[in-house]
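Think of it as A, B, C, D, E, F and G in the order they're written, each chain with its own count starting at 1.
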Amino acid sequence: MKGDESVIVRTVIRLMAPFIQIYGLYVIFHGGGGPGGGFQGGVILAASIILYVMAFGIEEGQAKLTEKINMIMRTTGLLIYSGIGALAILFGGKFLDYGAVPLPFIHHIPEVRAILIDGGVEVGVGITVMAVMVTLFYEFYPGGSIDD
Amino acid sequence: MIWALDISMLIFLVISAVAAIAVKDLLSSVIILSLYSLIMAIVWVELRAVDVAFTEAAVGAGITTVLFILTIMKTSGRYEE
Amino acid sequence: MENVFLFAGLVLIFASILSLYRVIYGPGIFNRIVAVNVIGTKTILILVLIGYIYGRPHFVDIALAYALLNVIMTIAATKGIEV
Amino acid sequence: MIDLILAKYNYWIYVVLMMIGFYAVMDRSNLLKKVMGLNIFSTAIFLFYISIGDVAGGTEPVYLHGVENVLYVNPIPHVLILTGIVVSVTTTAVALGLIVRIHEEFGTIEEDKILELQS
Amino acid sequence: MSRLDSKKFISLYLLLFAFWLLLSGLLDWFHLGFGIISTFIVTSFCYDMVFVSKEGKDNPTKIIRLFKYLPWILYQIVLANIDVAKRVLNPSMPIEPQFIKIDSYLKSDLSKTSFANSITLTPGTITVDIDENNTFLVHAIATAPADDLLGGTMERKVAHVFLEDK
Amino acid sequence: MKILPVVVALLTGALLIWAGQDMPDFGDPDAPTNHHVADWYIEHSEEDIEVENMVSSILADYRGYDTLGETTVIFTGGVTVILLLRGRGH
Amino acid sequence: MLTTITNIISTIFIITGLFFVLVGTIGLLRFPDFYTRMHATGKCDTLGEGLMLVGLMVYQGFDLISVKMLFLVIFIFVANPVATHAIARRAYKVGLEAWRLEK
């Protein structure tokens, strides 16, 4: 199904989409300092793509974010999360014991844990949530399901 | 005085829940359900659960409503018989 | 100043309850979408005001996110109506 | 009696919401309405949990620096409910997928007609 | 993948990075690093969405003229609200709704969008539709605002901002 | 309108109201739920993890297994919908 | 002294905004058909909420929070007319009749 919104809606969505994406990434990376985190940021990122598809049609959207990249992202997020957990085992801690992971230049354990939460775990959750939400949208959108 | 806000929001919540169930047109029902979830977000900010409010705002307005509307479009029937 | 914010919040909720009439009885789907959109924009204000009433106003993020997602809801709802 | 009602009003609202959702799940024959009832039901339970963790006069569970003796709200229900909301969304998505599939198979999403068609 | 225009890319990058800084406000290396990375990702994802090539000429002049246009449009918005308030609070409700059509000579998407939003925000008119031949369908609440709009003052001002004078 | 669903819903509600009378008051600071692990988390979370938001630190660190499971649930849901709706007729 | 002046200014802004929001709501209830209701909501809500946010910005002073509220104001001023336009356009396409004055 082609997008059938008028030129006004299209222009505003085209101008707004990058700012929505920056806002979603901001929410993901600042989960420690205030409200927010991986899930909320991922949903906002997916929402920008949903807006784009609703204005420009499913073909344009799937040309921007192809199903293959989407599939890779879906698994990558989960892999990042459990990979950090497994890294902790590798360096002698328990599973998901972030303090055991050695980072360059930083040896203060609470800071290591904070950095791994904000920059590792939340990113993994965010990528997975975004990819899954976009997948759900593509599957439910009329004409969006790919038969392979 | 914050209790006045709280109680009026809760009554609002009950009215919109009843309306979402009682309305015959399915699309209207979905739209009232999104209204319900946005009132829920306000209630959660009042109960000082900021993260939960954020999640509810994101989910209730962004994802659930869109998925419901797309399902109605796919199942080709707005009106309940 | 807290009293001003509380008063403003109560008036906004009163306006939302008036708009609820259009949501429930409003003839046709379009009146409902308009009324829900209006209540949505009022909600943004109520969220900011509650932050000020509790004295922790750095939670504007929620209102910003809600403003972004309200537009998506409206456009999706208009898409659901078959021409 | 009036004390009992006023002191726990959030709990009674949760009971009312839960009854509405439960009634919709049982009575409505349209499958989409059933899923909506399920959503209302789950939000009622979330309201109950968050109400348990509320502390009168407390502040949000984000650290305030430079202030002594701050009373924070209990953060544990928030964490549990965050997970709960995510699971609820996933459940809704899967249920909607099943409804689309049922419509392709039977041509209707009314429960009565599906039962008629099956027999 | 179309050809990368380095000037457009860099200007979008700087704009988005400024937006990130205003949102974040944290200047330690950790958050700045993530800001640089995520701005790069977003810019490479949608570099062709904000600055479109046919609109990209002479941007500084447009911005200066836009700031001159803003006070006028704010004044018009206040007038519009007082107008609506008068009509709503009057017991007899003096309205006679009608549809009118305006042929516009505006070319670019951005100027059409600004014109449509201005119509919606100013007294007594909302934009309903726009078709391929640049005809705006406008719903007017009474005859006087419709005549005002057909006079073409606002269209001239918008065209002046976006360098599309006739 | 059938009578049985109404009766069942009302019975469940009455049961919950009867049980809810013994709950601690709404917003009571001395309620037992607010004093077992919650105090410990509120006091120690900032020493252990340099994160201001307690919800984030509990969600991602103390209860990391929960969140890993949650992410897995989302992933499984997406895969389930793909299996339901894509590539039929094989 | 300065605080008092800022408080008074922000109160004036907030009360004016509330007045316009209420006018928009009354218009939503009183006007006879869908298109005229859009007039009330599209204009009054935009300006009313913009004014209230400006009042809160004056109260807050100049920092990152008020910058975020400025973004909110800009966003409301761009997105609200577009949402109005989207709904009105779809109603016109569906063929919703407009109310006319009986002569």
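Rule of thumb we're sticking to: a contact is a pair of C-beta atoms (placed from the backbone, for glycine too) under 8 Å apart; a residue touches a chain by one contact, two chains touch by 3 or more.
Worth saying up front: this structure is predicted, and the values here are computed from it rather than measured.
Visitor: Look at the interfaces A-C and A-B and say which one is made up of more C-beta pairs in contact.
Guide: Between the chain pairs A-C and A-B, A-B carries more contacts.
Visitor: Taking each chain's centre as the mean of its Cα atoms, which chain lies farthest from subunit E?
Guide: Between subunit E and every other chain, the largest centroid distance is to F.
Visitor: Distance-wise, how many Å sit between the C-alpha centres of subunit B and subunit C, to the nearest whole number?
Guide: Chain centres of subunit B and subunit C, defined by C-alpha means, are spaced 12 Å apart.
Visitor: How big is the gap, in whole Å, between where the Cα atoms of subunit C centre and where those of subunit D centre?
Guide: Those two chain centres are 21 Å apart.
Visitor: Take the average of all CA coordinates in subunit C, do the same for subunit E, and state the distance between these two points in whole angstrom.
Guide: Centres of subunit C and subunit E (C-alpha means) sit 23 Å apart.
Visitor: What is the distance in Å between the mean C-alpha positions of subunit A and subunit E?
Guide: 30
Visitor: For subunit A, what residues touch not just one other chain but two or more?
Guide: 5-6, 8-9, 12, 23, 33-37, 39-40, 44, 47, 50, 118, 136, 139-140
Visitor: Would you pick out the residues of subunit G that each touch at least 2 other chains?
Guide: 24, 26, 38, 68, 71, 78-79, 82, 85-86, 89, 93
Visitor: For subunit E, write out the residues touching at least two other chains, lowest number first.
Guide: Within subunit E, residues 23, 116-117, 127, 129 contact more than one other chain.
Visitor: Across the complex, what residues on subunit C touch subunit A?
Guide: Subunit C residues touching subunit A: 58-59, 61-62, 64-65, 68-69, 71-72, 75-76, 79.
Visitor: Which residues of subunit G touch subunit C in their complex?
Guide: Against subunit C, the touching part of subunit G is residues 7, 10-11, 14, 18, 21-22, 24-26, 28-29, 34, 37-38, 41, 45, 49, 52-53, 56, 59-60, 65, 68-69, 71-72, 75-76, 79-80, 82-83, 86-87, 89-91, 93-94, 96.
Visitor: Within the complex, which stretch of subunit D touches subunit F?
Guide: Within the complex, subunit D touches subunit F at residues 4, 7-12, 15-16, 18-19, 22-23, 26-27, 51-58, 61-63, 71-72, 74-79, 82-83, 86-87, 90-91, 93-94, 97-98, 100-101.
Visitor: Over in the complex, which subunit A residues touch subunit E? Could you list them?
Guide: 6-8, 10-12, 14-15, 17-19, 21-23, 25-26, 29-30, 33, 64, 115, 118-119
Visitor: In their shared complex, at which residues does subunit E touch subunit G?
Guide: 22-23, 25, 77-78, 80-81, 84-85, 87-89, 93, 95-99, 116-117, 120-121, 124, 126-129, 137, 139, 141
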